[in-house]
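My questions all concern the structure below.
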Amino acid sequence: MASKIKKIGVLTSGGDSPGMNAAIRSVVRTCAYLKIECVGIYRGYQGMIEGDFKTFDARSVNNIINKGGTILKSARCEEFRTKEGRKKAHDQLVKEGIDAFVVIGGNGSFTGALMFNDEYGFPVMGIPGTIDNDILGSSYTLGFDTAINTVVDAIDKIRDTASSHNRLFFVEVMGRDVGHIALNAGVGAGAEEILIPEQNLGLERLLESLKRSKASGKSSSIVIVAEGDKTGKNVFELKEYVEEHLPIYDVRVSVLGHMQRGGNPTCFDRVLASRMGVKAVESLLEGKSNQMVGIRDTKMVLTPLAEAIKAHTEIDEELIRVSDIMTT
Amino acid sequence: MASKIKKIGVLTSGGDSPGMNAAIRSVVRTCAYLKIECVGIYRGYQGMIEGDFKTFDARSVNNIINKGGTILKSARCEEFRTKEGRKKAHDQLVKEGIDAFVVIGGNGSFTGALMFNDEYGFPVMGIPGTIDNDILGSSYTLGFDTAINTVVDAIDKIRDTASSHNRLFFVEVMGRDVGHIALNAGVGAGAEEILIPEQNLGLERLLESLKRSKASGKSSSIVIVAEGDKTGKNVFELKEYVEEHLPIYDVRVSVLGHMQRGGNPTCFDRVLASRMGVKAVESLLEGKSNQMVGIRDTKMVLTPLAEAIKAHTEIDEELIRVSDIMTT
Amino acid sequence: MASKIKKIGVLTSGGDSPGMNAAIRSVVRTCAYLKIECVGIYRGYQGMIEGDFKTFDARSVNNIINKGGTILKSARCEEFRTKEGRKKAHDQLVKEGIDAFVVIGGNGSFTGALMFNDEYGFPVMGIPGTIDNDILGSSYTLGFDTAINTVVDAIDKIRDTASSHNRLFFVEVMGRDVGHIALNAGVGAGAEEILIPEQNLGLERLLESLKRSKASGKSSSIVIVAEGDKTGKNVFELKEYVEEHLPIYDVRVSVLGHMQRGGNPTCFDRVLASRMGVKAVESLLEGKSNQMVGIRDTKMVLTPLAEAIKAHTEIDEELIRVSDIMTT
Amino acid sequence: MASKIKKIGVLTSGGDSPGMNAAIRSVVRTCAYLKIECVGIYRGYQGMIEGDFKTFDARSVNNIINKGGTILKSARCEEFRTKEGRKKAHDQLVKEGIDAFVVIGGNGSFTGALMFNDEYGFPVMGIPGTIDNDILGSSYTLGFDTAINTVVDAIDKIRDTASSHNRLFFVEVMGRDVGHIALNAGVGAGAEEILIPEQNLGLERLLESLKRSKASGKSSSIVIVAEGDKTGKNVFELKEYVEEHLPIYDVRVSVLGHMQRGGNPTCFDRVLASRMGVKAVESLLEGKSNQMVGIRDTKMVLTPLAEAIKAHTEIDEELIRVSDIMTT
């Protein structure tokens, strides 16, 4: 490959997710393998604007493949949304001699990359790093697999105590706009009911489902609630509602919170990250830009960033059906 | 041993804790080994009152040593606090031919056992099953070791995301009256500050500590807060307070909640449970009663229940000092 | 669906794998949901021959979704390979009134099912349960995801001690005929070299790779070796060979062994099992037979059993390349 | 404290164990807290001889409390057993201005420290870091708690597959001279029989025990074998022996190996390490030397190194008895 690209920057941007370090490692090692220079850009676009750079060689990323979080740090950056911000960033990249960058993040990060490319023709490549799995163009985003395992492990623990006391638990999981974590972890944890942003089943159905569950002889019930569920009630309000309308249950609430973003990545996320990093660097060297690396079945694919950021992913209707059947 | 005891009941009572199943298994297997009959009493004292009994042999407790929760279920029981309730329970035990019982639980459960023995001269033995480690007469209660590992694992995950974003986290852990979980898990997780019910360090100290931490170059901070901490503020109020008085921090909150009660018991808790069950049954057969089995260093010891329930345990001052030094 | 099938049997056969219990649960619950009777067949085809059956309702499979192994037990069965054996099995099924069965297992189990169908026209459906991921017609087999995480967790631990002593480890993982576990877990664990049955890279390359690794400043090296690797040497012989030809290394060996088959299934395997069970039962009721349920990308698909058992899966060449690049 | 000690070295020596990093961190932070300089000595006594030193401040040990292995590396060092070797080491320490050192390791490491002190009057303090728990003067050594949990987790996985196939497993665990890991993990994992170096129960008893287990209706059996067990047979030979003399069993073998040394330390080991580091540094500043820090019940204690290295610890007879009862 006789590419004009001699030095590639890599950054993580937006909310962190497990596997980001493995993706950074992959970008850095691929550059080393292909004799391209690699520069780590700290704190996302903010660090790009401030020139917070560090040269990385293959050894700089030893022992990080199995670590959660991101050694490059991450941040949301208002300034990069402005023309002036992006100008500063471009100046810094030029000064450092960086010819292209790989951004690991979500929709917001990709939008920024697109605008940047639009203004400066600067080659950019995206890797979808978010636990929400809400990006078109990849069946799995980096961190999703780890996150659903973290949720399932937590719910397995909650079920121990729920069963011992014949209790009903409302467990809030991440997902403001999408219910992928809730749905997958809910099926994996054997939840009684799963409330997601994509559907409003109504509170009546919830009560019916809980009554049926109790009648069927189950000793406990777990209801998974995505942050952005459409009942109009959060988990605390749901608890009150059920206690009022279905007083047969001793109800408890658990909000899993930020632990869902952390943790050592699963093997799936580590492998996915390793593959995505290789694909991102090689694609840049092949002259491609404005693309996002994704996985379809077991193959790496590219999707234009413009398309990736366009719309939300659909919830898997078949899995909703499986979920319903499993609660028989 | 020529004991008059031919049939022993076993129950779990109060909040559940990891290792209760291992203790049930141990009581049952010790009875089988010593050719004593064993009866499982379901749902704590409530099941005793209702005669919710089941004969257990050695095989009844296969494959439960590594399971959280309690197969006997647990419950808090108001009725057992009344003379009438205890009368009903005694009638049921007599009817079933049970000569003695082992109760796995906390202070409330032991108080009930004592009153019962007081009225009927019925042999009772206690095993301290609670994650709070707040029972005099045992250096460790059943479930404490598992709970602190659960907390530390969760905080390790939270630290990943905290470090990636340079954030401050307030993490609420269990402990309404005692800070053992907070203090041990806080030291184990490398927390910046630990707020416990036994001490009121004041909010000033907290701000000082956080400022010093920031100045020292730490990329993130975790503050552990026991439920019953004495600042007068819960984690959400602490967040607001710090955001107002120390605006250099991006602050988040996490309430770990009920997952702390569940999970597969650690090896320590499984071994402890196995030893306690043997000691409890053998002590009953030796004619002892009104005692609690405990561990001191590596030895099993007995403590009168009357003493065990008397007072709370002391917080470990040396460990508080270690905690302070570690945050240097 | 007006199907003639009123009673479905389910069995696990061959080597066990994590997720089998979740698949059993799914088959049972789907039957209950669709008002079909369901019968558990114990110990694979052996239990079928012996009529080792038990009626299962929705509650029979409570609390098994998160358990490794198989509550139905598994076995390899010579007798089912004979015409007489299959005759006995058919008699037992007829006697019990079973109209169709779902077999969860690998190639051997599917071959048996096909022969059985061929002789008796009995409706059969397969679910690929094996940690080896070596079945055509499904991108992932049940248990593979759990197994690679088990391997990666073990190697993460081994790396701790390897790094502390600057050692080289040969780690043997399962895979007599295929290297999917070795390759995926090797990439996930950041292995230096991965030896698989599908490739013979030769011992020279191994020495070169280890020399390069040492020279590049790595503090330790892990080489993953699938059981069926083609160097002609097992891990103990590889140790000797390297000690003789590359005396710069302190070499150790670890054989991970049977723990790779066990463990609580990951969320991925639980969800996959749940989906496969639904698809298997519904396909039978739609009149289909001799098919295996699989996953392609995120969709359930059917593949004729005759095709599924025909050939081994290909190793992922792109992932081999990623593996090479990552060891830079 | 007006101590003459102004600069303290810290090293890890011998086999590594989980919690060593937490102990290093504690020594370093305690020095920083007390305004003493601290120097990390790499690769044990070998690095001391070679002057492989690095100044450590409080931030040098960020984010290591939860990591297995040792950032200081460890090694066994023949040269330090010679007078010349120790002379070189002393010269290096003097040159660096180090006034005292803390060595984290086992008996061999303590013997070296004692000889060194004997020749140069150099203040030394020991912290018992070994998974074997075989050091007099501390109820628990650093890493033991993590190791038994690693073993129990592995056996839980093996039991899944053992139960599914009604198999007998011989599982070899670490312990050449002592059976503490085998005994504790064996009880924790519900093993059928535990073979340790301290006892020779004889092969007859093993066969009897296995027969009884089979007769009692258990679906699988796990026998734990410490490396140094006294039957005169290793796990592979035991397998053959049982297959020959008790052909009712399908037997398998698993050697857990080096993964037992690694892994993130448990909360217990992290807290123990933190406490031990504080105690070691403070004791040196109080003018003490030639002591080992240990834990008795919940208190820190000192034991003369000369005593600590004298003899092996006793196996816990009561726990052996518990183990026997549990296999009923």
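Lettered A, B, C and D in written order, each chain numbered from 1.
The rule we apply is simple: contacts are C-beta pairs under 8 Å (C-beta built on N, C-alpha and C of every residue); 3 or more make two chains touch, one makes a residue touch a chain.
Because the structure is a prediction, the values reported are computed rather than measured.
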**Asked** Going by the stated contact rule, which chains contact chain A and chain B alike?
**Response** none
**Request:** Round to the nearest whole Å and give the separation of the Cα centres of chain A and chain D.
**Result:** 39
**Prompt:** Just curious, how far off is chain D from chain B if you go by their C-alpha centres, in Å?
**Reply:** 28
**Complete:** chain A residues touching 2+ other chains are 156, 159, 163, 219
**Request:** Indicate which of the five shapes (line, ring, star, complete, other) describes how the chains touch one another.
**Result:** ring
**Prompt:** Considering every pair of chains, which are in touch?
**Reply:** A-B, A-C, B-D, C-D
**Message:** Looking at the complex, which residues from chain C come into contact with chain D?
**Reply:** 12, 16, 18, 20, 67-70, 73-75, 150, 154, 156-166, 169, 219, 252-255, 257-263
**Item:** Touching residues (chain side chain D, partner chain B) in the complex
**Value:** 25-26, 29-30, 32-33, 58-59, 62-63, 65-66, 139, 145, 148-149, 151-152, 156, 159, 163, 184-185, 187-190, 216-219, 264, 266-268, 270-271, 274-275, 278, 296-300, 316, 318-319, 321-322, 324-328
